Amino acid sequence: MAATDRDSFTLVITGAPYASQAPQTALAFARAALEAGHRIDRVFLYGEGVHLASALSTPPSDETHWPREWASFLQAQEIPGIACIASALRRGLVDESEQRRYELSSHNLLSPFQIAGLGEWVEGRIKSTRTLYFHGGS
Amino acid sequence: MSTLIVIDQAPYGSWAGREALDMTFSLAAFDQEAALLFTGPGVNWLRKAQQASEIGQKTVEKNLAAAPVFGIEAIMADRSACARYGLSEASLIAGVALVDPGPDLYRQYDHTAFAG
Amino acid sequence: MAEYPTLHILNKAPEHPRTAQCLAALAPEDALLLIENGTLLLATQGVPATCQLFALAPDIQARGLRVDTKQMKAVDYSDMVSLSLAAKRVISW
Amino acid sequence: MAATDRDSFTLVITGAPYASQAPQTALAFARAALEAGHRIDRVFLYGEGVHLASALSTPPSDETHWPREWASFLQAQEIPGIACIASALRRGLVDESEQRRYELSSHNLLSPFQIAGLGEWVEGRIKSTRTLYFHGGS
Amino acid sequence: MAEYPTLHILNKAPEHPRTAQCLAALAPEDALLLIENGTLLLATQGVPATCQLFALAPDIQARGLRVDTKQMKAVDYSDMVSLSLAAKRVISW
Amino acid sequence: MSTLIVIDQAPYGSWAGREALDMTFSLAAFDQEAALLFTGPGVNWLRKAQQASEIGQKTVEKNLAAAPVFGIEAIMADRSACARYGLSEASLIAGVALVDPGPDLYRQYDHTAFAG
C-alpha cells in the first residue's frame, strides 16, 4: 500500500505516563500524522497505558501533564480515545457507568476518554491503514 | 490480514502475557486470523503441570487448550528458548509447534503485536 | 521514501531482551527505527549494519548522543509517520 | 543482628498489582512475619506500587482483589499503609485533602491507606530491623 | 538459621539485566533466594554454584518447575522472613 | 547506616531513575548517609549535554551537580557500563567516580535499594 493523504492510523498505547515515554512519543507521532494530512481513527489504551486516562493525575508543575495534553488533543481533533475496559477496571480507571455497575466510591476517567472493549482495537486492525503500538521501554 | 501476537514475558510476574492472550481471543472472536508465538521467558507459559493457586493466580493451560476451538491458527514456541528452559516436547502442553523466529517467520504475518 | 517489507521500531535499551530479538528479526531489505531508550544502541558497538537505519532526533538529543551520519539517518516524527506508511508492515518491539 | 521476637519490618512495594507479583509476595511475607511474632512498622508504596492503594480497582471476579486484600490486612493488624505523595500524585492516586488542594473531580485512595512523604521510608530505614523491597519483575 | 553477610533476593527472569548484576554481586558466604520470575533460573543451566541457594516453593510450584534438592533448598514465606533477619543485609534485586 | 541507591534503568524511558534520586535526596535531607551507583544503561544519566525539552522532560544534571551540597557522599558509575556506552571521563558530568560493582562494593553499605 502506498501512502496517500487518506491513510489512517489506530494508535495503541501500552506504556503508562510517568513510567514510560509512550504517551509522549505517541502524541508527537499523532500530531505529525495530522500535519501530513492523515487521519487518526482512534487511540486505544491497553495494559498499563490506561493510566493515561486518569482524571486525577497531578504531576509536579514542572513536569508535562500527559493526561491533559492528550485529552485536549483528542478533544480539539475529535479523535476517539478509548481505554480497554478489562485493563481499565483491573487498574482502577472507571467512568460513571462502571462506577454505578460496581458500586464504587467515585469515577476518575478523564474526558473525552471512553471505556470500551478490545473490539475497538480489532476494528482498527481491520480498517486503519496502520495500527502502531507505543510500549513501555523498560 | 493475519496477526501474530508475541508473548515474551515470564508468566505470573507480569500481566502482559494474559493481556496478550485476551488480544488473541478477541481477534478470533471477530473472525480474524491470529496466531500466538511464545519466546524468551514467555515459553514458560507452556510448561505442563503449573499450579498457581498459592500465589493467588490462575494458570492459562485451559485457555490455551481451547485456542484451536476458538479459531486461533497456531500456538508456536521459540525452539531455542524452549531448549534454554529445559522444555522438551514431553514437558510442553499439547498443540505447540516449535519454530525458529526470524525474518521468515515474521514475514508470514501482516501484523505483529506485543501486549506491552 | 523507499518501501521496506518491514519497519522495525525499537524503543528498548540495548540490555533489554527484546533488543536481541529485534536485531535477530531484521532482514537486509528492512528498516530499523530507533526511538526512546532504543537510541542508546548508537552509543554502543552493537549497531547493526544489516539494514537501513534511522533514529529519532529528539530522543538522540535528549540523551546527548552523537550521530554517525554514515551509519544512520536522524529523523523527526513526520519521517516516522512516512516510514510507517512506506513499510508494508510495522513491528513495534 | 540476630532475630528476636521484637524484630520489625518496613516493607516497600514498588510493583503494581496486575502488573507484577509484588503485592502478593509482600502480603504473604507480611503474614509470615506476624505469625513469627515480628512487627510490621509500616508498608510504604513507591513508584508503580502506589496503584495498590486504588479504591476503584475492579479485577474480574476470578482474580484476587489485591487492593482489598491488603486493605483488610492493614486494617485488621493496625499497620500503617502509606503511599508516597509524589509517586501517588503523578499516577492519579489522591485522598480527600489532595483532591481539595488541587481542585480535582474526586478522590480514590482506598482506606486505610494514607498519603505521606519519603520521610516515612527514611524513618523505616532507621528504626525497623529490616527494610525490604518488593519490586516489579519485568 | 545460619548468618549470611548478604541475602540476595532475585525476582527477575534470567533474561532480565538485573539477574546478571545480582549473580556478579554474590560472595561465597552469601545466600541467594529466588522468588517470583527469579525461580525460572532453576530451569536453565545458569544456577550459580557459588553460594547458598534457596527458592520460594509457591513460585516454583506455580511455574511447574522441578527442584534439585542437592542444588538448592525450597523454602516458604516464613523461611523468607527468617532468612531476611539472619542476614546482615538484604538486597532485593 | 549508609545507604546505596542503585540506578540501572536508562534515562527518560522510565521514571525509576528520577524516583531513585528523590530517595537519595530524602535520605540526605534527614541527615542519613547516602551514595548513588549508576550501572547498566543507567550510566547514560551521567552523559554531558543532554537536552530533553523536545521530549517534554527535564535533565537531572543540575540535581546531580547539587548532590555533594546536599550531603550525598558519592556518585559512582560502573566502569564497564561506561565503557560499553562510550562514556569517557571527558563525556561524563563532573564529580563521578568510576567503580567496579561486586561483593566488595555492596558490602560497604548497610542497605542497598533500587527504586523499582
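So that you can tell them apart, the chains are marked A, B, C, D, E and F in the order they are listed, and the count of residues begins at 1 in each.
In this section, a contact is a pair of C-beta atoms (placed from the backbone, for glycine too) under 8 Å apart; a residue touches a chain by one contact, two chains touch by 3 or more.
These figures come from a predicted structure and were not determined experimentally.
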Reaching chain C from chain A through chains that touch each other, fewest steps
1
Once you find the CA centre of chain A and the CA centre of chain F, what distance in Å lies between them?
33
How many angstrom between the C-alpha centroids of chain E and chain C?
37
Whole-Å distance, C-alpha centre of chain A to that of chain E, is 39
What whole-number Å value describes the gap between the mean CA coordinates of chain D and chain E?
24
Going by residue number, chain A touches two or more other chains at 18-19, 21, 25, 47-48, 63, 86, 90, 133, 135-138
Going by residue number, chain C touches two or more other chains at 11-13, 15-17, 36-37, 58-59, 92-93
Where in chain F do residues touch at least two different other chains?
9-10, 12-13, 15-16, 40-41, 55, 57, 111, 113-114
Can you name every chain pair that touches?
A-B, A-C, A-D, A-F, B-C, B-D, B-E, C-E, C-F, D-E, D-F, E-F
List the residues on chain E that touch chain F in their complex, please.
5-6, 17-18, 21, 24-27, 30, 89, 91-93
Can you list the residues on chain A that touch chain F in the complex?
18-21, 24-25, 62-64, 66, 136-138
Residues on chain F engaged by chain E in the complex (per definition of touch):
8, 39-41, 101-103, 106-107, 109-114
Which stretch or stretches of chain C touch chain A in the complex?
3, 9, 11-13, 16, 35-38, 56, 58-59, 76-78, 80-82, 84-86, 88, 90, 92-93
Could you pull out which chain D residues touch chain F in their complex?
12, 14-15, 46-49, 86-87, 90, 117-119, 121-123, 125-126, 131, 133, 135-136
